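What follows is a set of structures to go through.
One chain, subunit A, links the two complexes that follow: it is found with subunit B in the first and with subunit C in the second.
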Partner chain A sequence: MKTKISLGAVFLVVTALASPGFAQNAQIGKLRGSAPVGKVLYRRYCVGCHGPQGDGNGENAAWIDPKPRDFTAAVFKCRSTPTGTLPTDQDLFDAITRGFVTTNMPPWKPLTNPNRADLVAYVKTFSARWEKERPGAAITIPPEPAVTIAGILHGRELFQKNDCWKCHGPQGHGDGPSAPTLTDSKDNPIRPYDFATGSRFKCGVSNQDLYRMFMTGLDGTPMPSYADTMQPADAWDLVHFLRTLQPFHTQEAATWRAWLPSHWEEIKAVGPDGGSGASQ
Partner chain B sequence: MLRGFLIFRSPRKFPALASIVAFAAVAFAVLFSNIQPAYSLPLYRIRAIPAFARKYGLPCSACHTAWPELNNFGQVFRDNGYQLGNDHDSPIFQNPSYFPITFRVTPNWHRESTNHQPLDALAGNASSGLIDGNVVQHGFDLSGIDIWAAGTITKNISFSVLPSSNSSGAFHFENAYVRFGNLLNNHWLNLQFGKFELDNLISEKRFLFLSSNGGLYQNYHFVPVGDPNDFGLGVNQLGAEVSGHSDNSYRRYGVAVLSSDNGNVALPTNRSYDTYLTFSQAFEAGRLGLERLGVYAYIGERPTFFLTSAALSTPGAGSTTPIAGTGSGNKPFYRVGFSGDLFLGKLEFLPFFMDGQDSAFLATSTPADQPLPLGANAAAWNGGFVETHYYVTQQFVLLHRYEIIRMSQQALPGTPAKLGNIDGYSVGYRWYPIMFSRAGLAWHNEYSITRTQGAVPLSLDGVGLPPLLPTNGVWSSSILLGFDFAF
Partner chain C sequence: MCILRTSTRTLLTPILLGIFAITSAAAGAGGITGKVTLEGQLLKAKTINMSSEPGCAKLYSTPPTTEDVVVGPGGGLKNVVVYVSAGAPKQTGPAAQPVSVTQKGCRFAPHVVAMQVNQEVRVINEDATTHNIHPLPTINREWNKAQPPGTPPLQETFAREEFISVKCNIHSWMHSYFVVLKTPYYFVSNENGAFTLERLPPGKYTLTNCVARGLWQTVSRSDHLRRRDAGG
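Up next is the complex of A and B:
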């Protein structure tokens, strides 16, 4: 009898471990997401765009630009993890909560926290990657240094040196020479971010979010990760410079605007010439 | 209101049982014979907006628990002035061919039955005397049609215009307003101006019942017998509203100043203003879902007489004519209470409680410049309902509601204590075989019955007469089978 019970228990445990439902739970802090519950929610909220198979081919996909995310590829733009790795459950939870302001994806904050955790769990069932791989380790974001004009100017140099302007344009308007040629990993046309619109960034609003985007890249898009080529201090300088391109009353913008009128002749234009004439 | 319907008198004492049997039989027949039923909706009716689903590419279920009832995501969208919070909110983002308009209509079959009706003993013979009998009507019918345009004019400025017709095509403006959202860049400050729905936690415009008896909340429209007060909590009102909400609309408030005309345009009655105050708070209850509780208070007044002019009257008629919009001798009334929207997983409870009171002048229909009848009091009552929805799936919902109104104080001492009391019961289901982001269709079945003590039943089809005896309870039942679709 004891043997029977033990074998039965082992069978149950093995079955549970092998079942996708068990494998695809989600853990966000103290919240535990359930894929079966998430499936019901997915069909209520998400299926119209992302499709019943999670492949981004919902009934509205044909009319949506940018196209909905294909969950079967398990490639996600907004992550705290290094490029090429899976995002954490918290990353997916944050993406659902925040939405993507330049796309059809709305912020789903009105859903309860458990509901969003359930959706995370279900989204993970669409790709076998989640069963074979573990999410990457979240990158470390060092403390943000003070905003200085020297840092902003250095960031501006990096913007030129790293060819950021080729996509985002010399003024950050998303109109660089490479912009018309850009495609995502599914060969759909994709537009670089236009800093002048004042729209939220895809993956957050804070300076930390912007820093994270440099260092993790936006997988599935032409935006690469600079984790291997850029030092943290440089990344912060670039963050501070990019803030000056936005139409906001930020500390970076105030510092830049206070300095610029008396020094505009000293700086060089960003762009193909890489250093002739003044630029603002 | 008997137009085109079969009418007969029945001695049956159990119209409810008969109606249930008929309901089941007809439901069976319709389900298996592809008959497309129809029915006559009243002027005010429930709403859903596929135009927004088309705009954002979301299915109906994203904003509705079961359309047209809003879920919290839909509530946030509405609270934000029909904006989701992304770049697609802007009207200029849309393809120029996009037009934010929605149509809704409900062809149906329905049956209405009312007992204790005073009928001529011999039809067509007014001198034959009155007898107590039943009136039964049934047939295929049409609802009116809603042609609703709503959306954003620019960021944070939204609008809604809803011309709505009855089944014969007579239109009126069900709502028409402009809303300025996020004033001072703060979602706690929004201003709405025009004709709009009151900020009821349990909306009668977006609820799930359609039949003549069940398609309204008795509590939202009740006034004591003989009281000329025309106010209805479920009626769209004219005025201005300041409202606000937290980021996820878990906390909401509204303060409205409204003309005392019950939403009727062209200043037909009063020159005074009412106030409506609402507050609600929602909280997460883990796996149970989102629970919301709210309080409300409507404080208003209605005129008891008008300025008159014999110059407006027919010469020699011997009477004088009231001048519209000159209501005078205003007397107060109020409706206060609490309500909720509570989830236990797939089961949703909507509890509602109301305490209502009308001034003695209103309740006895006495002009304020005249003395009150001897012993007259303010009329007071309590009422409430519990409505439940069980969401079997997002495309199939079971419905139920029990409603009650009890007079706690009659205006005149000799009035039977129970006069005007109401009990209502409704049950049904809605099945949504089509629920896309372009259109939706629901198969709606509903049975509803009310018992009104000694008075005309409050029913959307307007059928019914007071019983011969005020001690009689009038049973009024409705069966409705309809295809409710919006596109």
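Up next is the complex of A and C:
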């Protein structure tokens, strides 16, 4: 029996070396994820939604909205890398750890860090893209400037000028004129984020996460990348304005609310008459 | 080979549309010309409601219509990509120049853009509103970029042969097709359905045509035209 186990272990190692998955082991800091180990975990925890083939067609998928991620397409929402590129292992690790708020994907913090690293390695075996391409280079995020009313006002102008409101709504309630028509890349209806709900963002909670989300875009969804057209200083101003749309006691919200009562007549409402774009 | 990303709904519609075919293909000096026609019952173009984007709507004296099926005089079918799928000589000469697609009046112009693998495509925004360019490939990389008014053209390439549906999510009616081909011998039929494949030496070629939305099932009935080119 002992010999059999040893042979089995050797076979497992040889299989791992020969399979494409071996080349796609995950590296998260000092953690090294193993696809064969991840497969066992995947088939216990993930297969019900994401399916045995990783295509998002698990047995629960029919009752889930938004649909589970299709790993065979290798298109991921939460990335530190430019639109159209593969995410880093750390990005996938963070997504598994964080889960996706307002969806059926829970945070997988109950699993150990090595386990989540193993899952990252296995998720990468579902698409040949991981064999042919390297992850994109993470975008650079400059240090966050101080929150100022001038910055918030400029961010508000950018919210208008870049037509963010057409999906997210003039007040950030997710009710812009384009909102009802939005579909994801698989033609399933999808809703833009409603800042007023107070729910977390899908890809993290910090200001840096928010910066990263609209600069890289959420691939597979209608949310595009603004990295090609928005300067870093402008992006930080937009971050600070977006925070004022949330019902939180943030520094941005406090600055805005302290300024607004004595100046509300000076600003134009965001929206069709907000003074930008084709609607002028 | 035509590769088309489409929905189940559009797969069911070809019966209503009739059959299209290359009705003539003549070998000229160093090229092939022909005409793509649509036979049978026509699907009427739908009116686009641009009321949510008044700045674009006001550019049209009559409401704009969808461009998936554009039939000209004599049944000529516009926006059909005709290309040499087999038998073409290897490409020589300088690299292909960039192709351009312009967003104007909240529509993509042209509606169908053919390009070679790794040929640069420039996407221009001439509107006073933000668009997002969102190709939905299955074998190329999917990306999605915002293009606010007044920003420079986007410059992109596609590495693999594919028929790619392209959307602007902000304006749900905006749709285009990027047809990425290995061959440099292709032509998108004009408003009369006419096409010209130039600079082809004498030889035997297989022509294939690709059309957008709904018509693609009929491609299999008439997609190959084998022709011995005696000209040149």
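In the analysis below, the second predicted complex is superposed on the first by the 256 of 280 C-alpha atoms of A that agree within 3 Å, B and C clash if a C-alpha of one lies under 4 Å from a C-alpha of the other, contacts with A are read in each partner's own complex, and residues count from 1 in each chain.
Everything below uses one rule, namely that a residue touches a chain if its C-beta (ideal position, glycine included) is under 8 Å from a C-beta of that chain, and two chains touch if they have at least 3 such contacts.
In this text, all values refer to a predicted model and were calculated from it rather than measured experimentally.
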| item | value |
| --- | --- |
| Clash or fit (per the criteria above) of subunit B with subunit C on subunit A | fit |
| First, second, both or neither for A:Q231, with subunit B first and subunit C second | neither |
| Touched partner set for A:S178, first subunit B, second subunit C, both or neither | second |
| Subunit B, subunit C and vertex subunit A (Cα centres) - angle in steps of 10° | 130 |
| Partner chain in contact with A:P107 - subunit B first, subunit C second, else both or neither | first |
| First (subunit B), second (subunit C), both or neither touched by A:Q208 | neither |
| Touched partner set for A:S199, first subunit B, second subunit C, both or neither | first |
| Which superposed partner A:K166 touches (first subunit B, second subunit C, both, neither) | second |
| Superposed arrangement (fit on chain A Cα atoms) - minimum subunit B/subunit C Cα distance in Å | 25 |
| Residues on subunit B engaged by subunit A in the complex (per definition of touch) | 56-59, 61-62, 72-73, 75-76, 84-88, 247-249, 284, 286-287, 289-290, 394, 436-437 |
| Interfacial residue positions of subunit A with respect to subunit C in the complex | 73, 75, 83-85, 161-163, 166-167, 177-178, 181-183, 185, 187, 217, 219-226, 228-229, 272, 277-280 |
| Contact footprint of subunit A on subunit C as seen in their complex | 7, 52-56, 106, 127-130, 132-134, 136, 138, 141-149, 151, 154, 169-172 |
| Subunit A residues touching subunit B - in the complex, by the definition given at the top | 37, 40, 43-45, 47-49, 58-60, 63-64, 99-114, 199 |
